[in-house]
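Heads up, there are several structures right after this.
Each of the next two complexes has chain A plus one other chain: chain B in the first, chain C in the second.
And now, the complex of A and B:
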């Protein structure tokens, strides 16, 4: 394998890890307040749908992105009210959002565009790509790091900001306190509900970005099975990262890498495509198993 | 087996039997009323969606009703659509009762369906009385085994079963797609499908011209068996104990890990049988991607009836009606059949609110 191929693989991995990273950050923030966010999958689908529909409506991917954020957050609010206010079962409510996402987007596609399953509006362009000055001219690094879509870079910034938020900012520290010691946090005067709302709604914004990256980041297409388990893979990355943004990002990169590797296996060999396609899911399940195994072994060592 | 935590949790409440009741209706009546209420809200929500998008809800629901119950064939078709849902609803209900979210029935449905098809197109010389049970046996075995993996991960290592079963479903679907595109490809056919099963392996039709077939009877029998299991058997008692309070169940000497494994494997077996029923009763071959979210529909059913096995039986029939009617509704009234998913989402949502964190308390220690 030469340097060019390697650069291509890494470039593509960074691209496909972006929706995973954005969704994983959403999952991570809710995980930090002890809310397991099962709705990532559905919220991403909503994000993708709104981005394409409103992008096409107004002829600009930016309005698509804006409406995607607004409307996906609105839907997240329904989820948040159910979970925080009405004390709904988190997992079941998450499954409801996921079911609603598939149902409502499929329904609206038919009603609005007479399209079944997929919609690719003519004339809608994707979000712009950025060429980083100086870096773009660097020999190998330039090929890997420069020329990505705006949301790719935004996701890196957001990963950094999430870390900063959780460990350096009062709101983030409150958030962690609520997750780790709810009683103590409440005694200290932290508004539990407000923090839970904050965590879930931030997650909504991040899922909107994740969906938008899939729908209008490179191509401009909506497909009602385009998320394909990415919400759950992102959740697995959160488990892998044990709630830490940096490690979670590493997990997303590894899962992204396998997505690209399976794609290359499909195109460069005569192996039937379905076998490589299974690879990312199997890797995620194996990773989850590894984490739990490690945890179990550690527990044993302590108790012996 | 494992070193169990020594710190007892004094705050963990005793099972939910102490739930205060203000209204003293018989439990069966009140649970039926609650399910009907949820259903009404879902129908109202569906009407709202239709109204906002410029469709006529009354016309759509009328079409739904007549095309699912209007004639003998319509009823038969509703029962046909209810058949796989009966299996998956029971799979979900049994798992839920133990506090387990098992969506693996979808993967089992695919793999079991393929196993049945394989028996059907491989042992073509066998007589019907042998090949039909053999196909179902293969499907149940494969389906159960498929769910055994996530079950062990959950029971021994606490790996989240919802995430693993959802991800493994993709693996099962892709794998069967590979099988009918690769080793078992039928040349000259447009869609990816296996060869036809032997005529002897086809299940008899019950009410022609409808495709309703003997697998419906098997689904009914399976549902009755599950009702018996949940209400009368020792395992059922253990499942309820684990679902109410795993810690308490463990102290009472119940092998919690074993119960979790059994519950998930039962779900897998039921999923496998559902797939076999579709293959041997409807398609007569394995077709890639033939099920669309039947495990999730089963889960919706189980949620609608609060895991009551008897209720699941009735609600599965209702969802069969909705599914079978919605296709014709789409043609007659221009309302996309995806509306049914919106109804399902509403039902799941209200179940989530009603249960709150009471029933499926999950402790996720980091």
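And now, the complex of A and C:
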């Protein structure tokens, strides 16, 4: 394997991990207020849909992105009302959002564009790619880190900001307090509901970005199956990272890397394709098992 | 209480929407009122009026207006109406999968001589329904169903895939084409690993090796038919590994392959219908299934009394049931001898001189 191939694999891994990372940050923030957000998948699909539809309507991917954020957040608000205000079961409400996403987008595609399941408007361009000055000319590293789409860089910044928010900003600290010691937080005068709304709505924005990255980051297409389980992989990455943004990002990268490696394994070896296809998921399951084991052991040690 | 009602409403609404989504927006295409508009038939004079055969076509998921499979079938039916004088009707449904049995039964009870269903999943209800209506002949596409009054239509996709592979093998070593790299490597991306998909890939590989045994054929499976981002990544990985032509057999995932081709300045090959227009110039050709020809041929067999129930009818290159697209956007860039060679190979497959492996029969 030469340096070029390696650079190419790492470059592609960073690209593949981006929607996962954005969605995982959404999952992480809800996780921190003790809300298991399984609606990531559906919210991402809404994000992708609005990005393509409004991007095409106004002839600019930026407008698409803006509308995607606004409308996906609006839908997240419905979800948040159901979960926070009406205390709906998290799993059921999440499933409802996921089903609604597939149904509503398919329906709107037929009504608006007479398109079935997929929509690829002519004239829609994808979001721009950035060449990082100085870095772009660096050998190998330049090929790995420069030239990605804008949302790829934004996802890194947002991962950093999430960490900053959770550990350094009052709102973030309140948020963690609500998740870890709700009674104490309430006694301290923190508005539980407001914090839960905040966590879910921030997640909505992140899911919109994740969906937009899939639909207009590199491609210019919508397909009602295009999220293909990424919302749940993102959730797994949250557990992988034990609720910490940095580790969660590592989890997403590992998944992205193994996804790219499995493509290459399929084309360069004669092992049945099902084995490489399993690889990224297998890694997730194995790490999660490892993490639980470690936790169990630690608990045992403390009790002894 | 309120929260339960609200939740129930959300779930119910989403289910309703999901169901509605499959419903065609426009009213179903009417069967042509034809008769008065048609020019007077020159043969109408002395001959006693022959029996007018009635044919129904049940559309598959996606329905009319898909610019692909269903519309192609409808084209064939319209041609049969015009040229063979059969009476035709299109039966559309919001849920052709769930309503399979009712659709087949109501079509049979309406007195059609031939009921053609384009919906693959009807293989199951068809086996139950067909024996109840011995006077109706049923036809189903892409799968073999047993029954004395059932005609199964199978396309020999492997034959046209062989031609696509042969063309790709010639193009990959071309010089003076900016979409081609010096390496003799081509690729194929399938939706899932299954005999139905491998039929294409094996034919493609055989065609490539027939032209040039040195050509390396990379193959991979996306394990999804609706994930364009994954299709794009798979194709980019193949282009990076030296492939310059990638054949997609992966439905919606394949749309990502086309975008990757445009981005990497390489070729892709389309599937099922003529997809060359999606990225003009970057889709070398498409391996097409002529559903229109198959539907027309079924009607023509009906009129000529040659429609045999219980048979499997295969449409290959010979019957013009499969083939390559006209290459509207890429033909000018290719040397004429490539196209002659493809025609040559086609003649050899038709004559039986070249036998292409059909993996589904092994």
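Rule of thumb we're sticking to: the second predicted complex is superposed on the first by the 293 of 304 C-alpha atoms of A that agree within 3 Å, B and C clash if a C-alpha of one lies under 4 Å from a C-alpha of the other, contacts with A are read in each partner's own complex, and residues count from 1 in each chain.
Rule of thumb we're sticking to: contacts are C-beta pairs under 8 Å (C-beta built on N, C-alpha and C of every residue); 3 or more make two chains touch, one makes a residue touch a chain.
Being a predicted model, the structure only gives us computed values, none of them experimental.
K.L.:
Kindly say whether there is room for both chain B and chain C on chain A in the superposition, answering fit or clash.
P.N.:
Here chain B and chain C cannot both sit on chain A without a clash.
K.L.:
For A:236 in the superposed arrangement: first (chain B), second (chain C), both or neither?
P.N.:
The first partner, chain B, only.
K.L.:
Name the contact category of A:263: first (chain B only), second (chain C only), both, or neither.
P.N.:
So A:263 only meets chain C here.
K.L.:
With the two complexes superposed on chain A, say which partner A:296 touches: chain B (first), chain C (second), both, or neither.
P.N.:
first
K.L.:
Please work out whether A:187 is in contact with chain B alone, chain C alone, both, or neither, and reply first, second, both or neither.
P.N.:
A:187: touches no partner chain.
K.L.:
Could you look at A:223 and tell me whether it touches chain B, chain C, both or neither (first, second, both, neither)?
P.N.:
Once the two structures are laid over each other on A, A:223 reaches chain C alone.
K.L.:
In the superposed arrangement, which partner chain does A:288 touch: chain B (first), chain C (second), both, or neither?
P.N.:
After superposing on A, A:288 lies in contact with chain B but is clear of chain C.
K.L.:
So, A:277: does it touch chain B (first), chain C (second), both, or neither?
P.N.:
Both partners, chain B and chain C.
K.L.:
Just chain B (first), just chain C (second), both, or neither: which does A:90 touch?
P.N.:
So A:90 only meets chain B here.
K.L.:
Looking at the overlay, what does A:2 touch: chain B (first), chain C (second), both, or neither?
P.N.:
neither
K.L.:
Going by the contact definition given at the top, which residues of chain A touch chain B in one complex and chain C in the other?
P.N.:
Residues 82, 86-89, 92-93, 95-97, 99-100, 102-104, 106-107, 110-111, 228, 272, 274, 277, which sit in both footprints.
K.L.:
Contact residues on chain A for chain B in the complex?
P.N.:
Listed in rising order, the residues are 34, 36, 38, 82, 86-93, 95-97, 99-100, 102-104, 106-108, 110-112, 228-229, 232-233, 235-236, 239, 242-243, 272, 274-275, 277-278, 281-282, 284-285, 288-289, 292-293, 295-296, 299-300, 303-304.
K.L.:
Would you tell me which residues of chain B are touching chain A in their complex?
P.N.:
By the definition above, chain B touches chain A via 2-3, 49, 53-55, 101, 153, 156-160, 162-164, 166-168, 170-171, 174-175, 177-178, 181-182, 293, 296, 299-300, 303, 336, 338-342, 344-346, 348-349, 351-353, 355-357, 359-360, 362, 364, 366.
K.L.:
Where on chain C is chain A touching in the complex?
P.N.:
Chain C residues touching chain A: 2-3, 6-7, 10-11, 13-26, 62-63, 65-66, 187, 193, 218-221, 223-230, 232-234, 236-238, 240-241, 252, 255-256, 259, 263, 278.
K.L.:
Which chain A residues qualify as touching chain C in the complex?
P.N.:
5, 8, 12, 15-16, 19, 78, 82, 85-89, 92-93, 95-97, 99-100, 102-104, 106-107, 109-111, 114, 116-118, 120, 214, 218-221, 223-226, 228, 259-260, 263-264, 266-268, 272-274, 277
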